[in-house]
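See below for the structure under consideration.
A, B, C and D are the chain letters, set down in written order, and residue numbers restart from 1 in every chain.
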Amino acid sequence: MDLQTLLVSKLNYWIFVILMIVGIWAIMSKNNLIKKIMGLAIFQAAVILFYVSLASKEHGTDIPIYPHDLIHPEHHGEVDHHVEEDSAKAHGAYEKHETAHHEEEHVKHSDDHDAHAEKDAHHDTHGDHQEAAHGVAHHDAHAPIADSINADDFNNPLPHVLMLTAIVVGVATLGVGLSLIQRVYRIYGSIEENEILEAIQNASDDGLTLQPEEEAAAQQE
Amino acid sequence: MKVFQTIIAVVLGALLIYAEADFPAWASSKSPANAGELSQYYIKNIYDETLVPNMVTAVLADYRGYDTLFETVVVFTAGLAIFAILGTGVMREKKTAVPAPKRIYSEPPFDLIVRISTRMLVPVIQLFALYVLAHGHHSPGGGFQGGVILAASFIMLELSSDLRAEAAKLTHRMSIWLGIIGIVIYAGWGTLSLFFGGHFLDYDMLQALFPLDPLMARSHSMLIVEVGVAFTVSSIMLLIFRQLVSGGYSIPDKQA
Amino acid sequence: MLQHAPVIHLLAPFYAAIIICIAGMWRKETAYPIAVTALSLSLLSAVATLIKVGIAGPVIYAMGGWSAPFGIHFHIDALSALMAVLIQVVALLTAIHSRHPIHSSIGEKSYLYYPLFLLFVTGVTGICQTADAFNLYVLIEVSALTSYALIAMGEKRSVHASFNYLLVGSLGATLYLLGVGYLYLKTGTLNMQDLNFIMTTRELFSTPTIQVALILLMVGLWIKMAQFPFHGWLPNAYTWAPSPSAALMGPLMTKVMVYVMIRFMISVYGLDAIVDSMWTTWVPYLAIAGIVYGSLMALSQHYLRRMVTYIIVAEIGYMVGAAWLATELSITAAFYHVISDALMTLALFLCIAAMRVRHDIRSIHDMENIFKKMPITMVAFSIVALSLVGIPPTSGFISKWYLISAGIDAGHWPYIIALLLASFANAVIFFRIFEIGVFGKKPAEGHHHEESHDKKYLSEAPFSMLIPCLVISASIILLGIFNQPFIEMISTTISSISGGEVLQ
Amino acid sequence: MENMQSNLPLIACLISLGAVLPICLFGEKRRNLREASTILAGILKLSVVCMMVPLIAGGKVLNFTFIEIVPGIELAFKVDRFGIIFALVASSLWIVTSIYSIGYMRGLHEHAQTRFYAFFAVALSTTLGVAFAGNLLTLYVFYELLSMSTWPLVTHHQDKEAREGGRKYLTYLLGTSVGFLLPAMIFCYLKSGGNSLDFSQNGFVSSFVNEPTVAIVLLLLFVFGFAKAGLMPFHSWLPGAMVAPTPVSALLHAVAVVKVGVFCIIRVFTGVFGIEFLQELDIGQIVSYIAAFTVVVSSLIALSQDNLKRRLAFSTIGQLSYIILGISLLNVYGITGSMTHIAMHAFGKITLFFCAGAIFEATGKKYISEMVGIGKRMPITMIAFFIGAMSVIGLPFAGGFWSKFYLVWGTIANEQPVLLITFLASSLLNGAYFFPIVFKAFFCKPEESLFEDKIEEAHPAAVIALSITAIGTVMLFIFPNPLFDLAKAAATQFLS
C-alpha cells in the first residue's frame, strides 16, 4: 500500500511512535532529574494514546453510553412499578451468578471454552446469555436491548477502562518520583545527575555515612 | 554519550514502525480488538446485566472491579510512600546539603480579589465534583474524576490563601484516614459478597441486603464503590500536593 | 471458607496493612505483631491452596463471578501456588527478622514501613495468581511503588538509588503494558488462556505484531528482573535499602518477574511458538553474559550487600538461560532454581543483616574470626554458601544438577561451562570469606599459644533475627533432600500446559 | 551375592559424626575428655565395621537406602568386599592417628585443637560415606563433603602458606570435581535414560555408549574428575597441603583423602564402566600410560626434594599411580594388587609420616640434610621409618611386598613390558630416595656433633602410634591372607 494511505490510515500510530521515541530519549539522555520524570510521563502518555486510539470506530460515539431513548423507550413514569416485581423469580437463569463452587464453575468454564472452538456454536452460547437475560426478573419497563444494539455505533469501552487505570498509575508514579527528587535535592543539593554523582563520589566513605537515626542506634549498641 | 541513547531510541522506533504495518487501520470497526468477542459482548450486554448506561463505568467498577480495587490501592500506596519518603522523620536529618528552610512557604501575595473569588468558586466546584461522582452511571464521570475535582477545589483554596492555615484544618493524618475509609468501603464491599456465598467483588450476592433485584443491587453497589474510590483519590491527591509543596516540613502535626 | 483460600491469602496482608495504618498512628509497637499474624494466616491459606491444587488440579477463581474472558480470573496451577507459598514464607521470615533493624533504624516510621511491606506482599502474591495480562500490570505497579518507598527509607544514598529504580522500573512496566496492548490489538482479549487460544486457532504467532509484542514484553520483564544489560538499578537499590526491605525484595521482586516470564512463555505463547521464534538461539548467550558479568563483579566486591546483589544478577542469568533453552526439562529446572535461589538470597541477606546489627560488619575485611563471635549465624551462612557453590545435600546442588542436565539435554555447552565457572566463582567468594571468618586476618600468634575462649567474645545476633536465619538454612537443606515432590509437581504442570491441551 | 537390608553402614558413618558433639562440648578446658571421646568413637567405629566383615566375607551385600534425591537415584549405601577393605583401613588408622595427634598437638602446643578434632571426625564420617556409597551420586555427595571438611584441617596454621595451601587444595579439588565430575555424572544419568547410577555388575555405561571416543572422553573426565587421586596434571595440591600439621598430612595421605580418590577411580572402573566393557574397547591402556608417566616423574621429583614431608608427598603420588596402573591392567592380579596396595601403602606411608612428625616435634628439623645421625637419638622412630620405607619400596618383611608382587604379576600376565619396567624402575627410585635417609640416620656421624648421644624420643603417645603402625606393616607381611582373600574375591566378582 502506498505511503499516503499508510500515513493517513494509521496517523495515530505514527504519533504514538514519535512520542515514545521522544520519551525514551528524554529519560536516557536528559541530565536534569525533573526532565527525566517528564520524559517518563511523555512515554506513558504515548502508551495511553496508543490504547485509546485503538478503541475508536468510524461512526461510533466517542464515549460509549447508551442513548436515553434506547434505554427508556416509553415515559419513565412508573418507576415504582418494578419494585413490587418479585425479584426472586427465576433467579437461577443467571448461570454465572449462581452460588457456583469451583467444580461447577470449572465445568461451566470448560463448556464455555469448548464453545470457543466452533464459531457458530459460539454464537448460541451468547444466545443463551440473552435468553438468560430475558428470563431474569426485571421490571418489564426495561425490555432486553441486547439484540437491538448495533455494536459499531459505540466505541470499544475496554481500552478506556484500561487507560483510566494506567493514567492513575502514571500520576502515582509521578508523585513518588517528585517526592524522591525533593529528597535527593535536599541531600545532595542539586538535581543534575552529574553533580549528584560527584557529590556521591566525594561523600566521606562512598555513601557509608549513616542516617542520623542509625548513628544514634549504632551508639546505643 | 548522547549517541548511544539516540541509537536505542531509534531502534525502538524502528521496531514499533515495523510492527505498525501489520496494524489494522485507525478507527476501523473490523479490527480484532473492536470486532472481538470481548468488546462485542460488553457493548451488547452491559445494560442488560448491570442497568448502567455508561459502559466504561460498568466495566470499570463491575466486570474489572478487581483491577479498579488495586488501582485505588496504587493511589493509597503512593500517598503512603510519599508520606514515608518526605514525611515526619525527615525533619531531623542533619547532614543534608540544603538546610531545612526557616519559613515553610513564601507568603502568598495577599490579593483580596483572588481570595474572595476562590471562596465563591470553591463550593460550586465541589458541587460539580459530587455531581460528576454521582452521575458517573449515566454520563462520563465516576469515582476518580469526582475525587480529583474535589481535591482540586481544596488545592485551589490552599493556593489562594495561606497554606499553613488550610493545612491546620485537614492534617495529613486526617487525609490518610480518609484514604483508609475509601479503601475499606471498596474492599469491604467486595469482601461482604464473600459472606453471601459469591466470589470476591460479586455484587450480585448483595441483593439479599437490599429488597432489590440483582440488577439494581449491581448498579447501586457500583455507586458505593465509586464513592469509596472518590474518598481515597481526593484525600490522597491532596496529601500528595501538600507533601510536595511543603517538602514534608510544614505538617503542623502534634505527633511528628 | 477453603473455596475462597486464593482470595484469603491475598486479602490477609492487605487488610493487615490497613489495620496497621489505623492502629499505628497511636501505638507504634502494634505494627510488628499484626504484620506477623497476618502473614502467618496468609501462609496457612497459601499452603491450603497448594494442597488443593496438588489434589484437584488448577483452581479457577472468578473475580466478581464473571465467566472467563469478561471478568478477571485467578488461574492457580502448581506454579502459582508454589510461588504464593514461597512469597508468604519469605515475607513471614523477613517480617520476624525486621523487628530489631526497623526498631533501631527507622523506629518512629514503622507504622508506615509495615503497611508498605504488606502491600508489597499483596501485590506480589496477586501477580502470581492472576490470569489477566492487564491486571498483572496493575499489580506490578503496586509492588513497584511500595518497593520505591521501602528502598528510600534506607541510608542516605538509597534515595537516589530508589529514584533510578523508579525511572527504570516504570520504563520496564510501561514497555510491558505496551506489549499487552499489542497482544490486545491483535487478539481482542486480555485473559492469558484466551490469548493463547486465539493465537493458536488463528496462527498469529508469525505476524509482526505478535513478534514485536514478544520483544516488548520480554524487554519490559528483563528490565524488571534485572537481567544483564538492564541490571543497572539493582546493585545500588538493594545495597543501600534498609536490611528488611532488601531481604524482602531481593528474593521476591526479581524471582516473581522470572515466574511471569515463564508464565508468558508457556501459557500465553506456548513452547513450540517460542522455539520456532528463533529466540532460543541468542537469549541463552545473553544469559551467559549475565552469569559471567555477575560472577566477576561479585568477585571484585568487598561490601557484603553489594556482593550479594551481583550474585542475584548472576542467578537471574541462570534462570533466564535455562528458561530460554525452551525444553520442558529446562523450564522445570529454571522454576526449581527460582524457588531455591529465592531461599538462598533471603538467607544471605538475613545473615548479613544479623552481622551488621550486632558487630556493624559491612565488608569482608570486618568479618575477622566472626565464627567465634557469632557461631550460629555463621553456621547458617556457611550452609547457604555451600548451597550457592553447589555442594550436594543442599537445594543449590539440586538446582545446579537440573540446570546442567537441562543444558546437556539441549546440547547447549557454553551455558554449562558458564554455570560451572559461576559456581567456581561462588566458591572463591565464599571461601575467601570463610578464610577471614574462621582463621582471622593475622596468622596465629606462633604455634605456642592457647587462644582464650571467654564469654565476652561470643555475642550472637538478637533472637528475633537468629530464628529466621536458622529456619531458612534448614529449609535449604530440606528442600535439597526432599525435592522430589516439588520437581514432580512443577514438571507435570509444565508438561500439561505446554502439552497442548489448554487447561482451563 | 544376595542383598541384605541393614543399617550398620549408616551407624558406622554417624558414629564419628556423633563424636563431633562431645568434642565441641568438652572443648579446650577438658582436653583429656575430648581426646578420650575421639578415641572411643574410633574404637566404636572400628567395632561396627568389624561386625560387618563376617557378613560381607560370607558373600552378603549390605545396603541401606535413605531418600530419593533425583528421580531414579537414592542416597544409598551398598557395602561390598572392596568397600569394607577400605572402611577397615580408614577406621583402624583413625584410632592410631588420634593417638598420634594427641602426642603431636600437645607436644607442639598447637592452637584450635577442638576445631582440629571436630573436623577430623567429620572427615572420617564422610570417608566411610564414600566407602559405602551405593551409586555415583552418593559417592559424589560424600566426595564433596570430604573436600569441605578437610579444608579447615589443611589451613590449620592460619599463616600465609597455610592459606595458600588451602586455596590451592580447594581450587584443584573443587575445580576438577565441579568442572569434570558433575557434568560427566549428569551426562551418564541423562544418557542412561534416567535410570539409577548404581554400581552394577558390569557397569551401566555400556548401555548407551558404543563408539570408543565417547567412552575415552567420559573415562578421562571421571579419572581427572577425582583429582584426589593425584594424577599428574592435577597433583600439585598434594605437596601444597604439606603445610598442614603432620597428623593431617597423615590423614590426607594414608587414611582418607588420596585413598578416597583412588577408591572412586576403582569404583568408576568396575562399577560405572565395567571391566569387560573396558577390555572390549581396550581403553585401559591410556590410563595406564598416564599412571606410568606419573609414577616415574613423581619418583624423580621426590629424589630432588630436601623437605622430608614434600618427599613423602611425591612418593605418595607415585604409589597412588601404582594403584591406578594396577586397575587399568584390567586383569585379576592387577585389580587384586591395586586393592591390597591401598591397605599396604596406607600402613607404610602413615608410619613414615608419623616418624617425620615425631622428628619435627622432637628436634624441630624438617629438612633431610639436617637429619644426619638422628638414628642414635631417636632409634624407635628411625626403625619404624625403615620398616615403613621397606613397605613403600616393596621389599620383603613389609606388607608392601605382596601388593607390589601382585601388581608386577598383573603386568606380566598382560605382557606389558613397558609397565613392567616402570614398576621396577620406580621401586629402584623409591629405594634411591628412602635409603640415604635411613643410612645417614644410623651410620653417619653428625659433623657438628652437637648431639650428645642420649636418647631423646618424641612425645610418648606419638612414639606408641608409630610403633603400632610399624608392627602393623610387618603383620600385614606375615598374615596377608585375610586381606588378600577379600581382595581376590572382590576382583573375581568384578571380572565375572
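By our rule, a contact is a pair of C-beta atoms (placed from the backbone, for glycine too) under 8 Å apart; a residue touches a chain by one contact, two chains touch by 3 or more.
None of the values given here were measured: they were computed from a predicted structure.
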| item | value |
| --- | --- |
| Identity of the most central chain, Cα criterion | C |
| Length of the line joining the C-alpha centres of chain C and chain D, rounded to whole Å | 44 |
| Centroid distance [mean C-alpha coordinates] between chain C and chain A, Å | 27 |
| Between chain D and chain A, distance of the C-alpha-averaged centres to the nearest whole Å | 70 |
| Computed distance of Cα centres, chain C from chain B, in Å | 31 |
| In chain B, residues with contacts to at least two other chains | 16, 21, 23, 31, 33-34, 37-39, 41-42, 64, 67, 71, 74, 77-78, 81-82, 85, 89, 95, 198, 202, 204-205 |
| Set of chain C residues in contact with two or more other chains | 61-62, 65-66, 106, 134, 138, 141, 145, 148-149, 152, 156, 159, 184-185, 190 |
| Sites on chain D at which at least two other chains make contact | none |
| Touch-based graph of the chains, sorted into line, ring, star, complete or other | other |
| Interchain pairs in contact, sorted by label | A-B, A-C, B-C, C-D |
| Chain C contact footprint on chain A (complex, rising order) | 20, 24, 27, 33, 36-37, 40, 43-44, 47, 50-51, 54, 96-97, 100-102, 105-106, 108-110, 112-113, 116, 158-159, 162, 165-166, 169, 172-173, 176-177, 180-181, 183-184, 187-188, 196, 200, 203, 207-211, 213-214, 217-218, 220-221 |
| Complex contacts: residues of chain B adjacent to chain A | 1-2, 5-6, 8-10, 12-13, 16-17, 20-21, 23, 25-29, 31, 33-34, 37-49, 51, 53-56, 58-60, 64, 67-68, 71, 74-75, 77-78, 81-82, 85-86, 89-90, 92-98, 138-140, 144, 197-198, 202, 204-205, 207, 211-215, 233, 240, 243-244, 247-248 |
| Chain B partner contacts - residues on chain C that touch it in the complex | 4, 7, 11, 14-15, 18, 21-22, 25, 61-66, 69-72, 106, 108-109, 112-113, 115-116, 119, 122-123, 126, 132, 134-135, 138-139, 141-142, 145-146, 148-149, 152-153, 156, 159, 182, 184-190, 207-209, 211-213, 215 |
| Interfacial residue positions of chain C with respect to chain D in the complex | 386, 389-393, 398, 400-401, 404-405, 408-409, 416, 420, 423-424, 427-428, 431, 435, 438-440, 443-444, 447-451, 453, 480-484, 487 |
| Chain C - residues contacting chain A, complex | 3, 56, 59-62, 65-68, 104-107, 134, 137-138, 141, 144-145, 148-149, 152, 154-157, 159-160, 162-163, 166-167, 170-171, 174, 177-178, 181, 184-185, 190, 193-194, 197, 201, 240, 357-358, 360, 362, 502, 504 |
